[in-house]
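Shared between the two complexes below is chain A, which has chain B as its partner in the first and chain C in the second.
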Partner chain A sequence: MKAIELNEDQIDALKEFMNVSIGAATSNVAELLDAFATMHIPKIVICNSDELIAVIQSEVDPKSKYYVIKQLFSGKFGGECMFVMKNSSAKNLGNYLYHIDNPSQDDINDAVIELTNILSSTLISRLTKELGVQVQFFVPSAQIVNSEDIIYAEDIQHYSKIIIISTVLEFKDQNIDGNIYILTKDEAINSLIELIDNKLEELYS
Partner chain B sequence: MEFKHCDILLDSLDNGYIILDDNFIVTYWNKWLCINTQISQEQIMGKSLKEFYPDLNYTVLQRKIKTALSLKTPSFYDPNSNTKFISINRNKVTTSSLTLMQQQVIISPYLINEKKVIISIYDISELHETKLLIQQKNDKVTELNEALEADKEIINQNIMIMRTLANGVIIDVSMLFCDFFEYEKQNIIGKSASILKIDESSKCLYEELQNIIINKEPWSGELEIKTSSDKSKWVEARISPIFDEENNLIEFNTIYYDITNKKLLEELYITDALTKLYNRAYFDEILSSITKNQRKADINFALILTDIDHFKSINDNYGHQVGDEALKAVAQTLKKALRENDVIARWGGEEFVVMLKNVTVKEAQMIAEKLRSVVENEKINDLLTCTCSFGISMYIASEKIDDTFKRADDALYEAKRSGRNKVMTKL
Partner chain C sequence: MKILVVDDSSLARKILIKELKKIEPSAQILEAENGAIAVEMFKNEKPAAVFLDLTMPVMDGYEALEHIMSLDPYAQVIIVSADIQPEARKKVLQIGAKNMCPKPINSEKMESIFMHDLII
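Presenting the complex of A and B:
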């Protein structure tokens, strides 16, 4: 099997597309949720699937409970967008979006799903728009888990390589933050490489 | 014409479809919704959804409509939410945990310029019910696991258990096992079970146990085992072989019970505190069992009564402490000179009784002579020597044991009378 690698040009291009996507996402969040968000410069890591757990665990507090919201997207470039946020942040988000002091579990779930949908739709739509392909989004699902249960080894054992595009979202005023991971695997990585190459060729020809 | 075609399409689908603008005015309400909500198209189309569903959170709905129109991608409601988008009764008659339809609601951009969205409502009740059922089962499993863990912890702390593979390699031990035998768990896992040192007294039993377990049978018995710091402990061990589905031996589980105190009590019950020989009560028990059962293998025995000569003068001349020392020394000298199967007990005062098993008169006399000689040659506390007189009798099958004792006592009396430090026999 051919080794899956992105060369420097491809990584630079992907970073550039992601920066544009992140700009669009912050602007959409501000407009739709009426909140000022900042997002960090994305980190792009290509790793073996078994390293994903370590990457995620390095960014969470082992003693906290987390909301994990996953949304699949399909098309030539398909994958999974995962948003991980602390219980306390999720509660603040529910509080903010539902305008109530003590949001119900349903309110919090709906709020985190809504935010994830806005973020993943914007980030992925923008990225795929740059790459000239269409994408379909599926219903997000939310779960509350202990930090060690964010990802189980058996969830990813069928994949060999994973691209992790990660960034941090912060709403300073509302005390909300979370980590966003765009995960894509094996065949989709090859499609992504092909799409980036096409785009680079188009830009430089 | 084209819109009509779209109507037919939406009406023929098995899901609910609403076309709505950002002011919540319904511009289409498909047949599925008419049937399930019993609100007809004529009733609702052109009117605000608010009139029919005033309890819906319209702030949230508006935001989701805005998101869909702005991002040109769908926005979603949480499909697991207990809050229903629109209430639709569920008519499932057989067992159901849901009385209202569980809905997956997707708001997709439709005519963006007209700020219209299409709301799709899917019935996911069956799926949700299954999910709830799995969740319930999971909760039950978690609860059982927690109870199991708690039980395991109780067992770990209160029962001595060792698990070994069929080849005797230790794979697990309980905490109490480690405390009792003074091993660190990590140092004993992976070692052979023979790391537990069996005391000499239990070696025969241990060999028997090995033979039994080779035959894959359970075994239980009392063993004297040394701890890692060489302390002697008595345990009752129960070894159970564990088999796989094809009846292959895979493991042994051994449960140990500490019976050290029970053994000490037993020993105290049968032992004379001063000389550490058996006491008279225990000797009586042995004799009573032999004479009662009259087993051929047991009834061929000789009795020897022996008494330290001039013991009173030892006490008088050297004091009672030396007298006690003399008693102890003679007792141990006699015991050492006997065979392993012979039984010796303190009969009272300075008197001892010996049962010699499977001997002829001649052999009994030879053994008694040997006993007489070793006592005579033993120096007590590097201070004094003493002698013993011996009276021998042979047990006659079915006779009363008192009669055997009477003859031995007569013979002892004769040994004393004829000058002491002698062996006499009365048949």
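Presenting the complex of A and C:
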């Protein structure tokens, strides 16, 4: 099997496309919250599927519970957008959006799903626009889990390589933050490399 | 004339330089990959204009802009960023940037910058 690798130019390009996409997504969420978000540099990691759990675990607090919202998308560039938010941060989001001290679990769920919808749809739509393709979105799913259950082994057993494109959404003044991951696998990685190369050729011509 | 282009992405720098060269083909383009290098280059090279990204490692664009404006209050700095929040725009204009343009920059935007924002 041919090794899947991105060269320096391809990683740089993907980071830049992601940066532009995060900018658009952050702006939409900031508008929803009427607050200012700090933008972070995106990270690109290519790993074997069995390493994914360790990569994600390294970025979460093992003692906390997390909201995990996953949304699949398919097309020439397919994968999964995942937003991981600490339970305490989700409560702050509920407080802030509903202007009440103790939002109900339903209120928090609604707030987290609404934020993720805006975030993932803007992010992926903008990224695929940069890459010149269209994707189809599936209904997102949300759950509260312990940190060790963010990714289940069975979620990834059919894949060999995974690209993780990740960044942090951070509203410092409101104590709201979360990690965004775009996971894309196997054939989708080859499509992604092809799309990046086409885009680079177009830009440099 | 020297123009300094600051961005941690080499692709973003290339796109910007390509557009710059269409308008100022004879300009000498200087490149920096973070704010700290940009501040040093600004001190040493005294460019006529700076195109500065915001989200960068080592030193971000906000801090670099503050340093540059303290070195030269008349520095002509254009922010080119993916961060399109109104608060970000307000902040950089308060520090002293001439304008802020969303990424990716294109010919039309570049022409407008040279027509309305820069005195070169």
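Here is the rule we go by: the second predicted complex is superposed on the first by the 205 of 205 C-alpha atoms of A that agree within 3 Å, B and C clash if a C-alpha of one lies under 4 Å from a C-alpha of the other, contacts with A are read in each partner's own complex, and residues count from 1 in each chain.
Everything that follows uses one rule, which is that a residue touches a chain if its C-beta (ideal position, glycine included) is under 8 Å from a C-beta of that chain, and two chains touch if they have at least 3 such contacts.
Remember, it's a predicted structure, so these values are computed and weren't measured experimentally.
**Q** Looking at the overlay, what does A:Y98 touch: chain B (first), chain C (second), both, or neither?
**A** A:Y98 sits against chain B, while chain C stays out of touch.
**Q** For A:A54, decide between first (touching chain B), second (touching chain C), both and neither.
**A** neither
**Q** Once the structures are superposed on A, label A:V139 by its partner contacts, choosing first (chain B), second (chain C), both or neither.
**A** In the superposition, A:V139 contacts chain B only.
**Q** Looking at A:S125 after the superposition, I want to know if it touches chain B, chain C, both of them or none. Which is it: first, second, both, neither?
**A** The answer is first: A:S125 touches chain B but not chain C.
**Q** Pick one for A:I113: touches chain B only (first), chain C only (second), both, or neither.
**A** The first partner, chain B, only.
**Q** Quick check on the superposed pair: does A:K15 touch chain B, chain C, both, or neither? Answer first, second, both or neither.
**A** second
**Q** Give the list of chain B residues in touch with chain A in this complex.
**A** 57, 59-60, 63-64, 66-67, 70-83, 104, 106
**Q** Can you list the residues on chain A that touch chain C in the complex?
**A** Of all residues in chain A, those touching chain C are 9, 12-13, 15-16, 19-24, 26-27, 30, 36-37, 39-41, 200, 203-204.
**Q** Which bits of chain A are touching chain B when the two form their complex?
**A** 28, 31-33, 97-99, 106, 109-110, 113-114, 117-118, 121-122, 125, 137, 139-142
**Q** Which residues of chain C touch chain A once you look at their complex with the stated criterion?
**A** 8-12, 14-15, 18, 54-57, 81-85, 87-88, 102-104
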